[in-house]
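Here's the structure we're looking at; comments come further down.
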C-alpha cells in the first residue's frame, strides 16, 4: 500500500455564509485547510495511507483541526503539539466579477516557530514511499524552511519520491526570497507541480501570450515553461495546472504534464464553481496517487485533472471525492445526471 | 371541478445544506417526496382537488408527512395509518460535473407492506375523474404492485382516465421484472408518460442517436419511441420528457407528445438548476391538469413543459408554482425580470 | 469632502433563505433597503459624507434600521422619529426562468405620513453639495411628494447639484400620476437617471426595437430617449442603465450617458446574479460619487457601470464594495481570480 | 364529533433567534399566531373538527398562514380572501429578569377592514356545536366588533355553546372601550375565560391581595372574581388562569373554575419556560375540548391546566401536543423521563 | 496503556433544532450514537485506546458514522462493512414537564443481520484488557445476541475484564426475553452496571420505596438491589446510577457502587440539562476508565458520577470532556465560573 | 450631555452555537467584545456620547468591528488604523456544572503594538467629562500600558473624572506584574471598580470567609476590602460586584459601593444565565452613566446592579438594554411578564 507523508500547516478557515461579504457576516462556517493538509485529506479519501506532519497548540481549537484530519482518515500521530496559536484565514467567496478574498492571520503559528528537533524525520518517513511539500511551508518562516529542507534531505536519502507544488504566495515572501529558498530545495525534488503563475513568480520563467486577468491562458506556451523547469532542476516530471478564469463563477480547468520526453495535455473542463480553494492541491493529490502506484503519465494527468475538476464542486479546502467518482468523470460522464 | 387521485409512497427526504456532501453534513434539511406525492402536491397547487393515497405509520414522523401534504392542500383522508416505518431517502445535491446522489432507505415501509384490503378503491375513487400512478409504486413490493393493479382496475371500471409515468428505478427492480409487471398494468392506462430513458429500460424501446451521459438527446428519434409505445399498448396519448444534461448545474429541458395522430414538440428551455428532483413529476402534473380539463394536446404539452421548467428552480420535490406563473412563462416571458 | 444628502424611505426587507419560495419559508433573513437608502449606504462605502433623511417610528425595529445605516457609516442625525409603523417588503429570490417576486407592505409608514414641518431642509442641506432623490419617494404619499418638492426647492436655492432616479413603481401610482408629479419635480433636477423602462413609464418616451420580456434591449435607441429627456427638462446629464434579462440568473448589464453634447456607452457585463435588487441604486451612487468630485462623464459612467455590475454579486440591497474594488473591475480585471 | 368554530385574526409572528434582541437579529423565525387561531390549532391537534374563520389577503404571505392552519388540520374553507395586508407581530423572547417584548404591526389588516357581509354565519356555523372568540377580535376595529356580534348572535340562535376569553389588550383599546363593547357581547356567552388580570382590566373586578409584578397571586381571592363575573353576566362557567411570574424563565401556572355552584382549583405547575405566548389560548382549547364533550368541570379544568402547562414547553403560539400527552401529565407524570 | 473494546450498534441520530417538536421541524441536526459507541468515544476522549466493533453498510451515510468515531479518536479498523441499512433514531428534546421522545427506526440494520463469522474476536481482542457491552446489543436480534455471546466468551477466555450495562429497552424485547438472554450472558461479566430501573426490568429485582415518575428515588434501597445482583451472578462489582427526574429540565444525579464488601455512594448533583441522552453511557466510560487502571472503587465511582454529571451539559450522545475537566468537578468545583 | 471616553481593545469573539463545545462546532457566531468596548457600547445604548479609542488593522475584519461599534452609536473617529492583526477570542458557553471556557488569541494585535504617538489624548479627551479604562489594557503589552498611563495623565490634567475596573486577567500577566503596573495607574483614578476576586489578585487585599469555587461569597467582608482600597489609593468611590456562582446556569448577582463614608449594598438578583460575559462591564457602564450625571451613590449602585443583572440575559458581550428597561427592573419589576 502507498504511504505518503506531507508536511506543512493546517489552519482554521473561517468563511461567511454563502456569498456574504465579511462586512455582512454574523457567523463563520468552520473549515480547515492548508496546501499540504488538503493533499493529505485527498489522499486518505483515495485510500492511501496518508500521514500529515505539522505542529499545533494543545488547545481545543487545534484539537478540532486534528479531529478534522482524523475524521477523513489521515494519520495524525506525528503531529507535534505545543506553541501558542494556530494559523487562521478568512475566506470571502466571490461571484461573477467579484473575486474571492482571503485575509490571512497566520503569523507566529506553532508550525512557524517549531524548532528543527521537533520532527524525527527518519522515524516519520520510515515505511513511506512518497513525500510531498509545497512552496507555502518554507515561506512561513525560516524555521519552517529549515524543517522543510531536513525533511526533503531525509526523504531523498531514504529513497522516497519527492514532489513539490511551487505554490507561490506573495503575502508570505517576495519573489526574490522565494526564488532563493526554493532553488535550494529543488535539488531534492522529483516531481514539480505548479499553476499557470508559479514558474514565473518563483523562477522568472514566463509563458508567452498569456494574460491572466483578461482570461487568456495559452496552453501551448506552457510546454516551454515545463521544459525549462525540467532542464534547470532535473525534475523527472513537471505538471502545470491551467486555469482560465472567465469569472469567479465560471472557470476553464485543464492541466499538462511533461515527463522529460513527452508532453501530455488533459481534457479541459468548464466548471461552474462551488468552491475553488484547494483546486491545485486536489490536482497534486490525484497526480501523486497515480504516480506513486506506477500509473502511466497520461492517465495520471487525466485522473488528476478530473479529480481537481470535481474539487471545484466541493465546499471547503479538501477534495472529498472517491476514486470511483473521479474515474466516472475521467471516463467521460460529466453530465451530472442524478446517481440513484 | 377536477378530482384526481394518486397512489404511491411519500418518503422523508433528508439533504445536506446547499452543496455539502453527506460526508460533510451536520444537519439535514427536511423535505418530503415521492413520485405520486409530488404530482398530488403540484395538482393541489394548480387548484385541482387532489387526493393522495398511501399507508404511513402512526408516529409523529409520519404525521409530519401528512401535515406536509395538508399544508399544500392535498386531501389526506384516505391515507391508511399503521405499519412500522416510512421510507427515507438522502439526497446530496450535485453541481457542475459532480452528479447528485441519492441513498434510499425505503425497504419494509408501511406502504410496501400494506395488504390489499386496506384501500377501499370504490370509495376512494368515487367522484374522481382521473387516477395517476408511476412505475415506482409497483416496484416497491409485490403487495404494492397488487394494490396498484386493484386501483387501476377499479379506476378503469369507474370510468376514470388513467395515467402512468413509467419512472423506472433500477435500484428497486430489474428491467425484466419491471417489464413483466408494467406490461400487465399498461392495459388500464390511457396516458403514458416517460422520460428519455424509461421506454428503453422498461420495454426495451430505444431512441436512436442518443447518448445520455455524453449530453446527446436526439429529439426526433423519440417520435418513434412514442409511436411504438402507443401502438403496443393502445395508449391514447404518450408524452416523453427530454432532458439534455449539460452538467448537474445546467440542463436543457423539453418534451414531446403523441396523441395517436399528431406529434407535438414543446419549446426547449435552458435551465440553471436549483433542484431537479421531481422534474418529471411536475411535468405529469401539468399534463394531467390540462388534459383532465379538456385542454388541447399542444397547449397541454407546452403548459406541462413550462411547469416542469419552473420546477427546476424550486427547492424540494414538489412544484410549488401557480397556474398564473406557469402561463406567464408559457406565453414567452422567461426573462426572470423582478415581479414587484 | 463630498457631503451628499438623500431623502426617502428605508424599509425592513424580509427574504426566505436562498431560493426558497415564501410558501416554503420558516425564517426570513433581515436586510434593510429603499432606493435612496441604498444610494446613501453605497456613498458612505465610497468614502463620501452621506446623510440619509427619513422618518421612522421609535420602536426597536426602526432603531435596527437606523443601526444598519450607522453600521455602514451613514449620518443618521436628521432622521425624524415618530409615527406608527415602518415599511416592510418581502423578497422571494428568483432563479433561471422564475422571476424574483416582491410583496410590499409599506402603506401608512412613518415617512408616508410625515408632515412638511418635520424636516428643516435649510439646516439639513447646509454644507452639502449634492442632493439625491428617486421617483419612489414622491409616489409614497402626497405628504411625501410635498416633502420631496420642498427638499428639491431648498437644494436648488442653496446651490446643490440635484439628481433624480426616475424609478417608476407601478404598484405605488399610475403612469398618469407619476407623469404629473414628476414633471413638476424635474425643473429642479440636474442629473436624471433611469432604467430601460422608466422614461417610457413616466414620460411616455419609448425606446425603439426593444422588447424587454423577450430579452431584447436596443442600446442605440436609448440615445434618442436620453436626448428627448434632456431636451424636454433641461437636464445637464441623462444616464440610463440597460439591463438585458437573459434569465433571473443571468443578465447583461450596461449603461449610457448623455451630457447634452456627447453620448457615452459603458462596457457591457455578463453578470451571474447573486442579488440584483438595488442594481440601479448602486449605479446612481457610483455616478454621483464621480460627478460630485468632477470626474469626467465617460469615466464616471464606467465607474458607475462597474460599481453596479459588482452590486449584482452582493447579497442585500446595498452595494458593499470599495472604490478600489470598483476600479479594479473598471480597469479590466473581471476574471474573479482569488485575492490573497 | 365535535365541530368548533373560532373567529379572529391570524398574524405573521416574527422572532429573532433564541434570546437575541430585535436590535441584534439578522433573521426572524416565522410562526403564525393569534388568540383564536391558537385555539383552533390546538383543538385540531386534539382531534376535534376545528374551523377557523378570518379574512386574509390573496398574496403568498397570507397563503402561507392558511397553509400553516391546514398543516395542523384546521378547516380553512370559510376564510375570506381579500384586502391589502395581514397583521404582523414581532416577539423578542425574554429570559430571567428581562421580559419578552412584543411589537404589533396589525393596523388595517384584512380582518380589521372586513365588512359584515363577508361572513355567512348561518352557513359557517351549521353543524357546529361550539363557538369561541376572544376579547382581541372586537378590539381590532369597529367592523371586527360588529362581525363578532353577528357571529355570537347567530351562534346563540343556532344553539351552539359560546365561550369567550376576555383577553384584554391595552394597546388595542382603552379599558373603557373594552368594558363597553365586551359588556354587550357577554350576553351571548356561556363560558367566560380570563387570566389573572382580565376581569380587572375589562370589568373592574379586582382580586384582593394580588400584586402581579411582584410575583404575588392570591389564588383564593379569584373565587370572588369568578363569582362576581358569573353573577353579573349569567355565565354558566367562569375559568381563570393564574400565572405567578417568578421571572421570564420560570412561572407557576394553575387555574380555577366556577360552575355556578362549586369552585375547582387545578394542580399548580412550576414551569421552566420555552415559549409562554399562547399559554392562555391552550388553556381555552383544553377546556373547550373537554366541556364540549361533556367532561365534568373538575376533570376539564385539570385537563386544560395540564394542556397549557405543556404549551409553555413548545416553541410558537400553538399547543402542539396530543390528548395522550396531556393525560399523561394530568395523571401525575411530570417527571420528564425520556419516552423511548 | 489501556485498550478497551466495545461492541454494539452506532446509529444516525436526527434531532429537531432546540426544543422544536418533530411536527415543527424543518431540519434535523445530525449526531451519531448508541450505547457502546458512546462509551467508546468517551474512553477515547479520556485517552484510552478505544476500539469499537460493529457492522455498517458501505454507503456514505455509514461512512459518516465511521468518520464520527475516527474524529474523536476511536479505532475503527475492526468495523465490518456491508449490509443494507444503518439504524436511525429521532430524538425530540423535552423541557420542563414535557418528556423527550425517541422514535427508533433500527430494524434490519447491518449489525442486526451480521453473521457470526464476520467478527474474528480472537484477533480483535488481542492486546486488549477490557471488553464492554450493553443489554441493547443482544436485544437487537438473535444474530446480534449470538455475536455478543461469542465476544464475551472469547474475552473471558483471553483474560479480559468484562463489563456489561444492563440497559433494558422495552421497545426491543420483552422483560421475559431480556431476562432469559441476559442471564446466560451474565456468567461472563465481572462488572455489572445498571440504572435505577434495569435490575427490576431485566431480573425482577426491585428497589423499595421508589416511584420514578413521581420523582422519588430511594438511594438506600438500591444497596439491596446491588447485593442481590452480585450474589446471584457473582459480579465482582455492581454500579447503579440513580436519576431523580424533577422534570425534563432538571434532574438529580448520583450513583452507588458495591464491590462485594463495601457500598460506596457518590456525591449527588443537581443538573440543569442540556442533553441527557447518553448519561448512563458516560458513567460506564468513567467507571471503566478508572477500574481498568486500578483506581480504587470509591474514587472510580466519584469520577464516573462527575463524568456523567458533565455529560448532561453536552449536546449529543457522547461525553466530550477531558479527564482534567472531570477531576475539577470531582474535586469540588461545580461553580461553573468562566475558565479563561 | 455626557461625553465619556474609553480606551482599550476590541476583539473578534467567536462562539460555537448554543451549548456546543469547540470540538463539536461547525460554525462560530460572530460577536465583538473587550472590557472597555463593552462599556462604550453600553453607554451609547444609555444615550451618552460614547467615544471608543483603540487601534485596529485596515482589513475588512477590523472594519467589521468598527461597524459593530458604529451600529450601536459609538463614536469611532479616534480609532487609529494600522497594524497586522486584531485580537480574537473563542468562547465556549458552559451550562450547569460545566464552566464556560475562553481561548484567547490576542498576542501582537494592533493595539498591543501601537506606539505612544498614535493617540493625541489632548484632542481626543477635549470636551469629555469622564475617562474609563480597565486593568486589561495595561496588561496587553508594555506599549499599551504606556498609552494607558498617558491617557490617564491627560484625563486627570484636563479635569475628567477617571474610573478604572481592575479586571485582573491571569493569562495576560502575573499578579506581581499587575500589582506593580496598576499601582502606578491608580493615582489618577477616582472611581475604582472590581469584582469579588480582583482586589485580592491585583493588590493582595482579600475578603474573609469567601470561597468562590464553592459558591460562598461573604458580602459583608467586602466592606473591608473596599475600605482598604479607598484608603490605600485615595479613591473617591470603590464599587465591587459580588457574583455567587451556583452553577454556570444560575448565579446570584449583587454589588456594593463605598463612597468614603457610607457603604451601599444593592438588591441581590437570582439570574438564570443567557450569557454572563461582560457582566462586570455592564455594571461599570451603569455606574459611570449615573455618577457622571450626578446621581447619588445609592441609586447609581442600584441602577448599575439592575443593568448588569439584565446583561446576563443578553447574548454577546455588550449590554443592549435601554435606560427605561433598567429602571423598570430597578423599581422592582423582575417578574418577566410579557411587554406588549
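Which chain is which? They are A, B, C, D, E and F, in the order written, and residues in each are numbered from 1.
The working rule: a contact is a pair of C-beta atoms (placed from the backbone, for glycine too) under 8 Å apart; a residue touches a chain by one contact, two chains touch by 3 or more.
In this text, all values refer to a predicted model and were calculated from it rather than measured experimentally.
Visitor: Using the touch definition from the top, list the chains contacting both chain D and chain F.
Guide: C, E
Visitor: Tell me which chains count as touching both chain B and chain D.
Guide: In this structure, the chains that contact chain D and also chain B are C, E.
Visitor: In terms of touching chains, how many steps apart are chain C and chain E, taking the shortest path?
Guide: 2
Visitor: Can you check whether chain B and chain E touch via the same residue numbers (shared by over half) or via different ones?
Guide: Shared-number fraction above one half, so same.
Visitor: Distance between chain D and chain E based on Cα centroids, please, to the nearest Å.
Guide: So the centroids are 44 Å from each other.
Visitor: Residue numbers in chain F touching 2 or more other chains?
Guide: Touching at least two other chains: 18, 21, 23, 26, 67, 72, 101.
Visitor: Of all possible chain pairs, which ones touch?
Guide: A-B, A-C, A-E, A-F, B-C, B-D, B-E, C-D, C-F, D-E, D-F, E-F
Visitor: Taking the complex as given, what residues does chain C use to touch chain A?
Guide: Going by the criterion above, the answer is residues 18, 72, 269-274, 309-310, 312-316, 320-321, 325, 329, 332-340.
Visitor: Would you mind writing out the residues of chain F in touch with chain E in their complex?
Guide: 18-21, 23-24, 94-102, 104, 169-171, 212-215, 245-250, 276-277
Visitor: State the interface residues of chain F toward chain C in the complex, per the touch definition above.
Guide: 67-68, 70-73
Visitor: Can you tell me which positions in chain C touch chain D when the two form their complex?
Guide: 14, 21-23, 25-30, 59-61, 63-64, 67, 84-85, 88, 90, 92, 101, 103, 105, 107-108
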